[in-house]
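Down below are the structures I want you to see.
Paired with chain B in one complex and with chain C in the other, chain A is shared by the two complexes that follow.
Up next, the complex of A and B:
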């Protein structure tokens, strides 16, 4: 059975892994929210600082998922983990910043331009993990479980053995990130519409 | 069997697939010098569609292509609940609405053609077109849809041109893929469309067979091609293995061939590693420029036309070997009966994708 083996929700001021709160935004910090998570979690990948917000979000969520599900990297060949991501705004936030770079007397910024495609986050995660598998980025009006289920069926039917799925909507006003892994093994969280919807909206478990 | 056909091309070479084929067989390019188009007012070579101006250019092109496709298929499939439209694009209508680059076009197309499902947009840089055709084939094979209409479209914009200029990736002459003197890309715009279906009878003209392929990431660099061609090698070898196709069966390769030094070198290394360096090969970027998310769809449509018209089309702009591993680049048009052709694409984000088309 295909089951969801780990997931991460990254929102405007909280970050959850498997439903447990791992970071809460410090409104008084000078660091961006994503930088706060990076530091608090003790991550070390200097390239993080060069990334745009979409890639930072994908990097953080995928690293936190790997910590929660450490077996996933060793259990598969380097091309057996497929990535299927989507969002509603493409790379609009970075597109806006790149546009600003050349308007009003500036010049177009090459370091911004290379991030003006939504699938770059897939490339960043592939590079970090040396994953040579299938990649797909779709732009959809809303988070749609059916998209992941349908494309997941295709990927599992054509040689992929695990899936890193993701909804990554990061704009100036929105942080709505949900990443999850799907594997074919025992477990009770079936990869289905209800569970994707429920986990995408997971509330932080209260721990005292 | 997965069928593919009803191909449409709207490009600077013409509004119909016939006009495009006529230009290609005459080795006519859509690339022209556009005064003052570059950042800083430089003159730039671009492949732009004459008369496509003003707002909503992306939407206009998509509608034009889908209207042309509708003439070549059983019209009732458009509004069928068993049909979906996939749109392959990088920047969509960025010039009209930066914050929602596809919503306006999707809604307009849905309304105008009475589609049952909201179109799905696939945006994977320059492999978008080939990836979308593969997705279409897989959706039909898995029984998720009966018919999938694939539309690949991108329009030339200051945004993209200035971006490639900032990377020093734009050629000061029309692009010259695989040539020793190549200096970069020429930006183009255009739209291609095709129907992928499991039912032969819905095509007005005989379809061909789509041998659905795979994609693979290079896991190397977000904007630089791999030095070893690893992702492309993996994608092509898996695509061929999945269909039990031996290298001897490949009659022609329609490569990506952007005209940048590193991309074309990467492809040459990959085709050499795959044992395919002797296969007749071209890049169509010398005709259309680089149409980004549209490229894979437009170029696959040309592959269908080459098979139908039994003609190998010259790789425009190529004169002299310019890669460390020589390829058999097509120097002149040549009549040839083609049975199995390979189409590849590679792009930013490390993506590589391939598919095959077979004569029926």
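Up next, the complex of A and C:
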């Protein structure tokens, strides 16, 4: 049975892994929210600072998922982990900054230009992890569980054995990230529409 | 005592952050001897090398036309500052 084995929700002021709060935004900090998570979680990947916000979000969520599900990194061949991401705004935030770089600097910025496609985040994660399976980034009006279920079915039917799926909507005003892994193993969180919807809206579990 | 080289290195760090859009970084995050093109340093790539060439011309009036010179000059903030000093003295 295909089950959801780990998931991460990254929002404007909190970051959850498997429903547990792992970071809360410090509004008084001068650091960006993503930099706060990067530092608080002790992550080390200098390229993080070069990434656009979409790639930073994908990097952070995928690294936190790997911590919660460490077995996934060694359990599959490098072409057996597929990635399927989607959002509503594509790379609009970076596109806007790139356009602005014409006005501010008199010439366009190459370091921004390289991020003016949403699927660059897939490349960043693939290169870092050496996950060279199928991948695609779709632009959809809203988070649509059926998209992941349908496309996941095609991927699992054509050689993929694990899936990193996700919704990454990051704009100047929105941080709505939900990443999850799907594997064929024991577990009680079946990869279905109801669970995807429920987990995408997960609230922090209260632990006493 | 702050020397002119120290001041140049501080300026260079600000310029690198500005030119390469590394807005999450601060001057304090960049060590003088950190390898710019190494994953343990800043993890820059070939696109960033172009930005550094633009930076040298834009902020320091130095044209870098020999790729071999760039290889040496762009190792770290230390080597960039030294390269700028030598070019300005020449």
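General remarks:
Quick note on the criterion: the second predicted complex is superposed on the first by the 205 of 208 C-alpha atoms of A that agree within 3 Å, B and C clash if a C-alpha of one lies under 4 Å from a C-alpha of the other, contacts with A are read in each partner's own complex, and residues count from 1 in each chain.
The rule we apply is simple: a residue touches a chain if its C-beta (ideal position, glycine included) is under 8 Å from a C-beta of that chain, and two chains touch if they have at least 3 such contacts.
Source: prediction; values computed, not measured.
When the two complexes are overlaid on chain A, chain B and chain C sit side by side with no clash. Contacts of A:21 after superposition: neither chain B nor chain C is touched.
In the superposition on chain A, no contact is made by A:43 with either chain B or chain C. Residue contacts after overlaying the shared chain place A:34 against chain C, while chain B stays out of touching range.
When the two complexes are overlaid on their common chain A, residue A:119 makes contact with chain B while staying clear of chain C.
Contact comparison for chain A: of chain B and chain C, B touches the greater number of residues.
In the overlay built on the shared chain, the residue A:3 is in contact with neither chain B nor chain C.
In the superposition on chain A, A:138 makes contact with chain B only, while chain C stays out of contact range. By the touch criterion stated above, A:202 is placed in contact with neither chain B nor chain C. Touch criterion met: A:110 reaches chain B and chain C at once. Following the chain A superposition, chain B and chain C show a smallest Cα-Cα distance of 7 angstrom. Residues 107, 109-110, 114 of chain A are contacted both by chain B in one complex and by chain C in the other.
Remark: chain A residues 31-32, 34-35, 45-50, 97, 101, 107, 109-112, 114 touch chain C in the complex. Chain C contributes residues 20-25, 29, 39-44, 47-48, 50-51, 54 to its touches with chain A in the complex. Listed in rising order, the residues of chain A touching chain B in the complex are 78-79, 88-90, 92, 95-96, 98-99, 102, 107-110, 113-120, 122-124, 126-127, 129-141, 147, 150-151, 153-154, 157-159, 171. Residues 39, 90-92, 94, 98-103, 106, 118, 120-125, 131, 135, 138-139, 142, 144, 158-159, 162-167, 214-223, 230-231, 234, 238, 242, 348-351 of chain B touch chain A in their complex.
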